[in-house]
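Mind having a look at this structure? Questions to follow.
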Amino acid sequence: MKAVLELTNELGGENYVLWGGREGYETLLNTKIGREQDQMARFLHLVIEHAEKIGFKGQILIEPKPQEPSKHQYDFDVATVFGFLQKYGLEKKVKCNIEVGHAFLAGHSFEHELAVASSLGQLGSVDANRNDLQSGWDTDHFPNNAGEMALAFYYILKQGGLGKGGFNFDAKVRRQSLDPADLLHGHIPGLDTTARGLKGAVALIEDGEYDKLLDGRYAGWDNGSGKDILAGKLSPADIAAKVHADGINPQPKSGRREYLENPVNRFV
Amino acid sequence: MKAVLELTNELGGENYVLWGGREGYETLLNTKIGREQDQMARFLHLVIEHAEKIGFKGQILIEPKPQEPSKHQYDFDVATVFGFLQKYGLEKKVKCNIEVGHAFLAGHSFEHELAVASSLGQLGSVDANRNDLQSGWDTDHFPNNAGEMALAFYYILKQGGLGKGGFNFDAKVRRQSLDPADLLHGHIPGLDTTARGLKGAVALIEDGEYDKLLDGRYAGWDNGSGKDILAGKLSPADIAAKVHADGINPQPKSGRREYLENPVNRFV
Amino acid sequence: MKAVLELTNELGGENYVLWGGREGYETLLNTKIGREQDQMARFLHLVIEHAEKIGFKGQILIEPKPQEPSKHQYDFDVATVFGFLQKYGLEKKVKCNIEVGHAFLAGHSFEHELAVASSLGQLGSVDANRNDLQSGWDTDHFPNNAGEMALAFYYILKQGGLGKGGFNFDAKVRRQSLDPADLLHGHIPGLDTTARGLKGAVALIEDGEYDKLLDGRYAGWDNGSGKDILAGKLSPADIAAKVHADGINPQPKSGRREYLENPVNRFV
Amino acid sequence: MKAVLELTNELGGENYVLWGGREGYETLLNTKIGREQDQMARFLHLVIEHAEKIGFKGQILIEPKPQEPSKHQYDFDVATVFGFLQKYGLEKKVKCNIEVGHAFLAGHSFEHELAVASSLGQLGSVDANRNDLQSGWDTDHFPNNAGEMALAFYYILKQGGLGKGGFNFDAKVRRQSLDPADLLHGHIPGLDTTARGLKGAVALIEDGEYDKLLDGRYAGWDNGSGKDILAGKLSPADIAAKVHADGINPQPKSGRREYLENPVNRFV
């Protein structure tokens, strides 16, 4: 770590990704999970300490992954990483590098992991390789789903971009793809897909209807009692009294999911 | 069954789908699987016998589904249904009605089930509802993936259409979607997605490059020794002797997967 | 194949397992699935032809597996293999070698695959290695679940054993298990687990209550109208007329699943 | 919440479980995930505020569950809950109620969730119902796997018990199980399985070999340089210098997984 971090710094690297290839367990039977967390946190403190010492200004990133090669990786998904970082006071020092396929293997959509990370201030960089939808291991395919990329860019643009982070393909051509040209035929549409996703997200945001609908759904909490509840001004007893006094009886409103799929599909 | 089949006939119905809602087991512990197969086959023979007796000219269809409500449905997927039909001499009398989401729950892509069914003469009709990619139960969403539909139509068009079968949505709006308008907002993009998929498949076939590449991959088996092997003219000993005599040493060729994704993505 | 089959014969081998390591597709986009089935069937005919020519008296076995290394293996599970064998007239010549972990990866329990195979006359041999329950790839662990083994032996004993087939471990110690002794510590409990399962199945059958309960569930079909229906003596019209005339209104009966788990757990 | 919490208090209840039946999203498209977390945290603060006000001395518990009825529940698993609680300063006020089947649906073993929760001080109570291993939805079966229970009790006993928490079955008999007696046949073996698991865990701990082996694996970090590293006394530069000076070259040691499975299996 020391040597590679120094090398990254000398080369002007702006990101240092801790890929969790061995940071998990093969079996709980030989594992003290709390102790391993403590030790992993210590290691991470050493990384940060050394980065600061040598003047590295880039991002330190953890790449969430649920399993493989171990049965259970400690960096299972963004929410797990965030809990770990907070426990050891590291959440301001480390961000996440999110991979499409790792999200899928953890039981999440790619946009879920981005939305979660962004809401927690943890969205630092992206590995764009997707997973086969029927394979239970990490397949590292090139991107070919522009809609998935558009939703990803939506969250990235809404937070003002990735800063020092970026979009990386560490995708691979398939075992059957033996020709040098296959590498080009993988990368070119991968880039085209990414570009098409970016353009879709820009169009979605510029159109504005989607954000307006989304904001509208939460508008009731922006003033009046809703605002007071969120500000901690009302106790359960206050709220109950108010409900009884004013005869408050909120009616369910449609989530309008099908309607919302339209602007998204239109711009991709 | 008797009453509904007669009603279907009177109404001019062209398809009679046997949806396997209870045709499976909750636990193997109380199940004799061979006996249940025999009984299910007898029932199917009764259906066909009655259909013929009343002059029903439509298709009899089984809808493959891997699970839910039972733990294991006997009509798990197309390949399973085909094995069952053959065992009881029913494979010429019954076809499959394939649902996008059921394919996914069985561990297959939608196009896989269509390709398998078409190759076996079993592709009779389609339920277009897809599944959520992260939910482990049958979600019956409206279609919203034009690329998935395009690959489906490719197989349908290549076999000359669905005959008496068709495209059905038995999709549902979500639990949160409470307004009557939500029904429209589900159906309209579902139809648009389907139409976009159909147009993509037509364009892919009319362009012709994809089929040419695909045919090319198997061309070596259309003549010479390849043809003789498939025709059963050469024994293992003949083949081995020929390999040694002629110094045959086939070199692996690229599967060109990444290249093939291009025409498909271009037309969708 | 020719050379290895001859060698197997010379060494007195009684089983020849066709492990489907490459018999599947990486992507449907470069695959004609019907054509590949035809070619695979031709190959299988060549295997059988050569086995007969050299006088090999052992079993020819296919090992079902859903995926890995390919995205989709053609021998997905027992039901799929059986459909394939029937289509090409091979179901009397080839049986299945069933692996615990492959069953799990295909979305089935181990006992499911044994029950299905046995009911179809396809249960020829067993690979006893299980899968990790949280990993999405083939892990080949040693057996350590005696209950799972007991249910397996139940089906094997009920069909009179595996004939020329047997129980094989092609299990592996884990990557972390570096010592020669680890090999022993994997094999010994694997064998103990298998033995404990066998003893449990014997006890379950000798006790007799379980089989009696299971037989009882289907007893209503062994005589009277039930028997006539299964024998094809009654048409749907006959059955409907009888239901109306006799006021037949069958009441649901408990499947008694929880009760049935008791004898099984007691003997394991 | 206010009324039920007061009722719980009056009845002398010692646990108040927040079961997250609607605390998730159906689709990210209509969801601001950060905002919903803030609002959920506010609600939880109201619960705690009211509990303290009325003098409720019991535990407040969250029940992790990954999905169903929503596509994504915010209380996905223990690690996710812990991250959420920390963010809002609630980790000392709220613990987890862990369900066997929810752990499985989240991609974890039951013992994993217990081990994680215990290491974080979050293990408060248990729902003992397991899931079917092949079903993708919450099945709430009665416990029937004593080995799984033994590993659970190991973690519970090692932390000194569940305190005010307990073992709950909110398991259900299956849809086919119609008789009143089926309820008994579900509960009795469920309790027996639990008891057998407890006895196994006690025997495993009293025997002592397992804990000795487990402690031994980490012993190298309890003194010397290992201890200094964990105590933060050595910087990366110090460690690198020491490695070079002393020629430290640690050799991999076997994880002895297969050996460790023996004591566990022996006592269950």
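Chains: A, B, C and D, in written order; residue numbering restarts at 1 for each.
Note that a residue touches a chain if its C-beta (ideal position, glycine included) is under 8 Å from a C-beta of that chain, and two chains touch if they have at least 3 such contacts.
Just so you know, these numbers come straight off a predicted model, no measurement behind them.
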Checklist entry - If you tally contacting C-beta pairs, which pair wins, C-D or B-D? => result C-D
Checklist outcome for this item: Looking at Cα centroids only, farthest away from chain A lies chain C
Item to check | chain A and chain D: spacing of chain centres that average the CA atoms, whole Å | outcome: 24
Checklist outcome for this item: chain C and chain D have mean C-alpha positions lying a whole-number Å distance apart equal to 35
Checklist entry - Between chain B and chain D, what's the gap in Å when you average each chain's C-alpha atoms? => result 42
Checklist entry - By residue number and range, which residues of chain B touch two or more other chains? => result 26-27, 30, 67, 72, 107-109, 134, 174, 176, 255-257, 261
Item to check | chain C partner contacts - residues on chain A that touch it in the complex | outcome: 26-27, 30, 67-69, 71-72, 105, 132, 134-137, 174-176
Item to check | In the complex with chain C, residue positions of chain D that touch it | outcome: 104, 107-109, 133-134, 142, 144-145, 147, 173-174, 176-179, 181-182, 185-186, 189, 193, 252-259, 261-262, 265
Checklist outcome for this item: Per the touch rule, the chain B residues reaching chain C in their complex are 1-3, 26-35, 37-39, 42, 45-47, 49-50, 53, 66-67, 72, 76-77, 79-80, 82-84, 86-87, 106-109, 111-112, 115-116, 118-120, 151, 213-214, 217-218, 221, 229-230, 232, 235-237, 239-240, 255-257, 260-261, 264
